[in-house]
Every structure is written in structure tokens, then in C-alpha cells.
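The following pair of complexes shares a single chain, chain A, combined with chain B in the former and chain C in the latter.
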Partner chain A sequence: MAQHPAHGAHEAHDSHEAHGSLKSYVIGFALSLVLTAIPLIIVLNDVLEGTSAKVVLLASAVLQFVVQLFYFMHLKEEGKPRWNLMVLILGLIIVLTIVAGSIWIMTYNSVG
Partner chain B sequence: MLDNIKDFASDFFVTGDPLIYGADVAIVLTMIAVVTALTYFKKWKWLWQDWITSVDHKKIGIMYVIASLLMLFRGGMDALLMRTQLAVPNMEFLSPEHYNAIFTTHGVIMILFMAMPLMFGLFNLVIPLQIGARDVAYPFLNSLSFWLFFFGAMLFNVSFVIGGSPDAGWLSYPPLSELSHSPGVGQDFYIWGIQISGIGSLMTGINFIVTILKMRAPGMKLMKMPMFTWSVLSSCLTIILAFPILTVTLALLFIDRYLGAHFFTLDSGGNPMMYINLIWMWGHPEVYIVVLPAFGIFSEIAATFSKKRLFGYKSMVFALMSISLFSFFTWAHHFFTMGSGADVNAFFAITTMLIAIPTGVKVFNWLFTMFRGKLSFPTPMMWMLGFIPCFVVGGMTGVLLSVAPADFQFHNSYFLIAHFHQVLIGGVAFGYFAGLYYWWPKVFGFKLNEKIGKWAFWLWNIGFYVCFMPQYFLGLMGMTRRVSSYGWDKGWYELNLTSTIGGFLMGIGFLFQVWQILHSIKFMEKDTTGDPWGGRTLEWSIPSPAPMYNFATVPRVSEKDAWWEEKQRIAQGLAPTPKPQLEPIHMPKNSGIPFIMSACFFVAGFGFVFDWLWMAIPGLVGVAACMLYHSFNYNTDYYIPVDEIKRTEAAAGRAV
Partner chain C sequence: MAQSGNHSVANPAGHDEHEGHHDLEALRMMGFWIFLITDCILFGTLFATYVVLHNNTAGGPTGAELFEMPGVIAETFILLTSSFTSGLAVLSMNRGDRKGLIGWLIVTALLGASFITLEITEFVKLVHEGAAISTSGSWSAFYTLVGTHGLHVSVGLVWMISIMLQLGRHGITSVTRRKVNIISLYWHFLDVVWIFVFTIVYMMGVM
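For the complex of A and B:
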């Protein structure tokens, strides 16, 4: 906020890289709709059950996440150094630790 | 009507304890004195314009330091009350209920309202100066962080005289902290005090990451940053990943208490163990959050007072960054006795032992930095030297605790108490004291009296060992934490008495520090050089105290220890690096919004504590109104003209 005149070189850098095009937004939007529709159809119409249903639901959730990141969060377009990507990876590691760790630690405590 | 008021007051205020009545009187008298003094000396405007609304990182840093020293006083008083009780067991100096409240507030205050703000104070005072920046990345947010911390801390502290203190331990394990076992408001004060200041901590973490990554002086590559800056970066990364866990955990506890949910209750499918699991996912990284910057401080001090470059710069960076990541994989060692099975315990025992390796690397780096250096021993260096043996012993008892089978003996005994006080006092408190002594001349423009400082150091250091060494033995003799009394036939009396004497020695050490500050203000020894210690990094290249824009021209950096190298060049007769032309400096404008918004948060929190929606809702509306107002406020910055910069620099005796 306070600093920009001092870093004259930064000014050009700040003036936004390309943030996607109409085409990429439309593709992203379509993909996210499809990935939302798949689990809904499967569950509402009882197409799959049990483990196979869970696998498909989880897979479409993960794909949805990826689509959001690439088409709307512009993960690919970030210039170097890729802070956003690094932070995202670090965050994912921590989230994975929290979820998997809690499940593992609480296994023997979930009775009762 | 009168009876109604009486009823309300006897619930609302804490009654029945002479110690608390005494505190009530002291609080009221102090407040009257402060208000009278401000009015008499006509200082209200000064207070508002120069301090409360300031977005200057240096002033915010000073306010953090003052607030945290006050909290150190309160937390220290709590500690001495507990030690007094344990030195005279069965004398009912404190009732068991009062003792519960005191060990709870002691823990919360020392970690969250003393160590954290003192750390943020040092971040603010040093980081922008050290990386050649003119302020932090988000000055407004910085001010908001401070005021959220301040009002969160006030909300927590007010529980002492209004409503009743929390008394379920510093991490408030359920089911004790649930409505079923703690129906009073104390627990809600705990939740809201920590939540409100927690928002501030998270924002400070973000602020300093962005500042360090984006605002370094041109030429200062990441691997040329001063070590304190690296330590702050690693600490802040840990903050932004760990604090959300705390927020969510306490929010779930609040939902349990306020809306009758069953996340952590004993009945209806709740599981209190889940709370313990979650809170330590924050709690363990938290101790690394507070100790990493201390490591950075010691690295700066070791290099400066050895007149040598820091030994093993790269290994130090690697150690700091790996600790900030690995601190997330050790949390279950806090509850080995929970019964998660041998696999879980073995895994977390090994990760805990592994994390000692990077810490050990650092100790060797400091030792080799001093090896064959031109050593001098002013107070900052004394604290550094006191720290090394203390932290090594504390770290090794930590490794003992990490041995899961042995931990079944040590768990929640005084052995544990001695261990974590040794790393938190010997590491964190000694580190921040060292940092305060080291940067004091830079912040205030005068040096602190060395002689009184050394008295304070020895009192603290000796007091520490007298206080905590006996506790290791007490733990092995079977004394558990949080007992307010014990039988005379236990054989614990002598060691407890010794420990209490040590506690009071540290208390006297604190008084010496207060005396040292007052004495140094009275017989002020001005620092006219801006570089009283022969420093190595950029903050020592500007006048003390730093002008409001920090650097008249932004320095260009080409190597590590930029200021030291520049001094070497000048000493060799080479021309100093040419400075660019002065240009008007872009600065952020002061704003009262952070203070008002945080006050609204306080009102909302207080309303939720007492379940007064008529108070909580207007508070939240106030918060939203402040956000809205600031979103549409475009008048947030101004330029300092070149003439004014010239005048300021000339007044500080600098040629431009």
C-alpha cells in the first residue's frame, strides 16, 4: 500500500497479467456444471450404490476443485515466483494431515 | 427494584474474595489516575492522534510491547500467587476454585496475551527496518490486528472482576469446559477473548508474509535476508496454517455451549477427545510460532556481538523452514496417554524426536558463530548466553517426554511443567528480552542502563533454575500439575518452598527491569550514531529512533549483512554506495476505524458472553458498518514532500 512509488519496477508488473478469456470461462463453467450434475444424477436416480458411489462422488469433488483452481483462480497464469501455488500445496499438505491424522488418532476412540 | 439491582450485581461482579476486592480497588484507582492525568495534561488529543489512530508500524510495535509487558505483570502475579499457595499448602491462601481460575488465566495470558503480542511487537519494530521497507504491506490491517488483540485481551481480563474467570485449564478441555460442567460465563470470556484476538493474530501473520515477500529492498534476494526476517517468515507461515484450526475448534465449543450442539459433549455422540486432538493441532505449532522468532533474534545477536558473519546461514534457513513444516506432525505427543494405540504413539514419538535435530543444528550454528569471534558481552548477549544451556536442557527433557512409554509416567506431572517452562522461559522469554534490549536503542533512541540490566539478567537466570529444577524432581516424586494443595507427609514441601523462592527471584528480576527502564529514561544516554552495537543489518543504517518514513531513500542491497559490508567498504576508503535523488514519499494516513471496529467486536463479544443479544447484535452491526465505511474510503494516503524529508534528515544529523 505505502510502498509502490519506491518500487517503480513493480508498477508494470502489477498491471495485471491476462486473467483468462471468454472461452476459458465458458469451458470452466460448463465443466463445473457437469461435475455438479454427475453426483446429483447418480445419487438421485440410484445409479450406483455403496463404495462405487462414494468413489464417483469423491472423484467429481476433487475434479471440481481442480477446475475451480485452473479456470477461475488462474493458478496456471501466475508469474514466477509462484507463491499462490506453493501456498496451495502447503495448505493441502496441512489439510491432509489434519483430516487423515484425526481419523487415524481417533480410530480407537470412536467407540461410544 | 433495589433487590433486583442487588441480585444482578452479585451475579455480575465477582464477590467474596478479599484478593479480588483489593484488585477492584486497585483497578478503579488506576483508571481514575490515568483519566485524571490525561485530562490534566491535556493529552487526550495526543493519545488519539499520535497513538490510537496511528498506522505507523513503529508506534504499533511500541503499543504491542507495552501491552504485553502489562500482561507479563498480570501473568507473573498469577504465577507468584500459585507459588505462594504451594509453599504453604493447607493454609487456604487460595481456595481450590480460585487456584483453578489462576492457573487457567496464567497459562492463557502468558502464551496468548504476553508471548504473542511481544512477538508481534518485535515483528513490527524490526522487520520493515530490517528489509529496507517504509511500512508493512497493509498498515491499516496492522493497526486493526493490534486493536483486535488489545480488545480481545481486555475481554479476557475483565472476567477477573466481572462474571468470573475461566477455570478449566489454559486449553479448556471438554467435558470440563462444556456447559454441563462449567455453566458460568468464565468459559465464554475465554472463547471470545481468544477468538477476537485470534483474528488479529491471523491478520498479522498474513501481513508479515506479504511484507517480507513483496517489500524487500531491491537486491535483497531471499537468501540474502537477515536471519530474524527468515525466522519471522517461518513463524508467520505457521500462524496462517495453525490459527484457523484454533478458531474452528473454539467455534465448535461455542456452538456446543451456546446452541446446545454435541461436538465434544459426553452424551449424544459427542467426543471430548476430538477437541483435545484438534486443539493440539494448533497448540503444538503455536509453541514453535513463539520460539522461532526468538531463534532469529539470537542469530542476529550472536553475529553482531561476535563481529562475525552468522555460521551456517543456509543450514539455519533450512532448520527454520523445516521446523515450521514439521511442527504440524507432532501434535499427538501431548496426549500419548489418551489410548490411540501403539502405532499412533510410535509415529508421533519419532516425529517429535526428529524435530529436535534442526533445533540442535541451530545451537551448533550459534556456538560456531561465537567461536573465534571478537566477543563482547552487553545485556543482549548475556541473555543469548543464558539461553543456550537453558534451552539445551529444556530440549533434552522434551526428548525424554517424547518417549511414549516413559511419558505415561511423566504425563501431567511437574516434570512436564518444568520442561515447558524451561523452553518457554529459557527460549521465548529470554529471546524476547534479548530482542528488546538489542533493538531498544533503535526504537527509542537511547540505551538502557547496562549495570541494572545485568542485575536483572542474573536474578532472572538464577531465579529460573532455583524455581524449575526442583520441579523436575517433584514430578518424578509424583506431584501432578494443577493440584492446589498436598499433604505434609508427601515430602514435597522443601522442594516446593525452594521453587517458590526461585519464582520470587524472577519477580524481583522483573522489578529490576522496570527500574532499569525508568532509570534509563531519567538519565538518558542518547544514541546519536543510530548504530550503537556495531550492527550488521539495514535497521542500523538509519537514525535512532527511525524517522516516520524509515528510509529517506530506499537502500540497494548486494550481499548479506548489507550494512556491515557497507561499513567495511567505507573503512577501506571506498566511496559509499551512491544514494538516489530524494523523491516524495508515499505514506498511509492514520485511521480511527481499527480502534472503533475492535471496540465494536468487544461489545459483541461481551454480549455473547452474557447471552445479551440486545448488546451482541449492535456490536456486530458496528463491525459491519466500520468495514463498509472503510471500503468506500478512498482518502487513505498522502505524500511527504522532499523539503520535509530534508528537514527531518538534517535534524537527525544526516546529510542528504
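For the complex of A and C:
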């Protein structure tokens, strides 16, 4: 969201309406379709296997997450200070810590 | 998405009522964003549980044996399309087109309902094939993770219908505008969570 150039009611209203465009939604949708199709083709046709397949799958998922953040959720349009982005990053750090930490700890748990 | 609302600090006085109202709506929007991040953490813990437990099948059936991909692929494309149509609803709203807005919300809700129908059908089938929530740690984690997502979609449907009723009664006001922005954000978020369910639970399960 752009910062308001002036503080009148109408300016605030207009900048709100500038949110997203048909173009950004169509681009986001098209990219998401492609990023969903890639894992399907790879897994269902056994193009890749094992670790390399997992890497491509996770990379496609993360890319699609980023695409939707920008094209559907308009993260880039946020004005400064970027509170939404900061909260998001904090949340992602917590999520990654929980997921990676759980996997790490439980790997050793199953060993002994 | 929420604006920072910070300009009210820079200009503490001299705004008309509408501007103050607008700031409050923006702040509420940001509050919802913070809720979404905490919801992310909830799903993070469920994903962690699933990843840790998905091999603990207690001699019972595994996901690789029972998952039927055509249904899951259909669910994925249905939810992705509904995320797109909820964006089109917001675009109609920004043009001041109430009919278009309600129309796209109806399309979104119908797609969401077909997603839930497919998911419930899948769950019933899995239970019949001997994979209930009590079968093994693997299936407990599966139903908790996928079920929590499905519950979110169901709550979103009820919520979306109530917003459509409010739009029918009050039209597009600053309050209903914020509500539509929030439900659309929530819907995009549910699709993002589904991408990871699809990738980690189903794709990695069957490969």
C-alpha cells in the first residue's frame, strides 16, 4: 500500500482502491497453475526420484507461496514501515524453528 | 492489506471523522494479518507433527497405498481457482460493482463447497478402507492436519455467506469493504496452506 500523499478522506479512499489489479491476479493465477503443474508432472511421470524430486517439490511450493504473497495478498504494496512483512518474517522464523527442530529432535529419538 | 496507520501519529489532530474511521479499519486489517500469522504457527506445529509421525503406521495402511490422486488434484485446482475468484470479488468491490462482488463471492463459496465435499468424500472412503483417525500415529497426524485445514475452509464458507448477506443489506460501506478484504485475505491464506498440504502430505506421500 502506498503512503498517502495527502491526508484528505478522498486520497485515502483512492489509494485503497489502487489495491491490486486484474493483471496482478491473472499473473498470480497463471504462475500458480504452472507451479502446481510442475510437481504433478515430475511425480506422476517419475521424471525425478528421491531427494531431487523432494527439492523440486518443496521449491515449487515455496515459490508459489511467494507468488501468492505478492500477486494475491499484495505484500509489496505495503507502505513503510512494513509491519505486515515484519510480522510475517517473525512468524516464518517461529514456524521454521518448530518444524526443523521437531524433525531434528525426533530423528535422534527414533535412533535410540 | 493493512496500511501502517502511522500517519495518524504524524498528524495527531485536524482530521475529519472519515479519515479516523479509515485508519481504524486499516488497523483492524492489520490485526487480522497478525491472526493469520499465528494461524501459520498453528499449521506449522501440525506439519511438524505430521512429518515426524507419518512413518508410524503401526502395521496399518500407509498413505501411499490409499491416497487417490485424481480427487486430490481436483481439490488443489478448485481451491486455487477459488483463491483467484475471491481476488476478482475484491476487484469488483473496488470498482463499486456490488452485483459483481456478490457474484464472485458466490462462485468462490461454491468452489469452496465443492472442495469440502471432495475432502469429506475422501475421508469417508479412507475410513472405509481401514484408515481412521485412531488407526495409527500416521493417520492421527494426517486427519488432524488436513482436518484442521478443512475446518478452516468450512468456517470461511459460513463467514463468506454472512458477509454476502451484509452486503445485500448494507451495500459497500467502509465496514463491509474491510470485511470483504479480510475474507479474501483469509481465503488466499487457506490456499497457501493447502499448497503445503498437497506437497508434503500427498505428493511426497505417493512418490
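Operating definition for what follows: the second predicted complex is superposed on the first by the 94 of 112 C-alpha atoms of A that agree within 3 Å, B and C clash if a C-alpha of one lies under 4 Å from a C-alpha of the other, contacts with A are read in each partner's own complex, and residues count from 1 in each chain.
Keep in mind that, in the parts below, contacts are C-beta pairs under 8 Å (C-beta built on N, C-alpha and C of every residue); 3 or more make two chains touch, one makes a residue touch a chain.
Note that the structure is a prediction, hence the values are computed from the model and not measured.
Put simply, more of the residues of chain A are touched by C, taking chain B and chain C as the two choices. After overlaying the two complexes on the shared chain, residue contacts for A:Trp104 are found with chain B alone; chain C is out of touch. Once chain A of one complex is fitted onto chain A of the other, the partner contacts of A:Gly91 extend to both chain B and chain C. Within the superposed three-chain model, A:Trp83 lies in touch with chain B and with chain C [touch as defined at top].
Legend: residue contacts after superposition of the two complexes on their common chain; A:Ser21 is shown touching chain C, with no touch to chain B. Of the two partner chains, chain C is the only one that A:Thr36 touches; chain B does not reach it. Applying the stated touch rule to the two superposed structures, the overlap between the chain B and chain C interfaces on chain A comprises residues 1, 3-4, 7, 9, 83, 90-91, 94, 98, 101-102, 106.
Residue ranges of chain C in contact with chain A, taken from their complex: 1-4, 6-7, 11, 15-16, 18-19, 22, 30, 33-34, 37-38, 40-41, 43-45, 47-49, 51-52, 69, 73, 76-77, 80-81, 83-84, 87-88, 90-91, 94, 177, 181, 185, 188-189, 191-192, 195-196, 198-200, 203-204, 206-207. If you check the complex, the residues on chain B that touch chain A are 133-135, 137-140, 213, 215, 218, 237, 241, 245, 271, 273-274, 277-278, 281, 325, 328-329, 331-332, 338-341, 344, 554, 583-588, 636-637. Residues 1-7, 9, 83, 90-91, 93-94, 97-98, 101-102, 104-110 of chain A are the ones touching chain B in the complex.
For chain A in complex with chain C, the touching residues are 1, 3-4, 7-9, 12-13, 15-17, 19-22, 25, 28-29, 32-33, 36, 39-40, 43-44, 49, 53-54, 57-58, 60-61, 64-65, 68-69, 72-75, 77-84, 87-88, 90-92, 94-96, 98-99, 101-103, 106.
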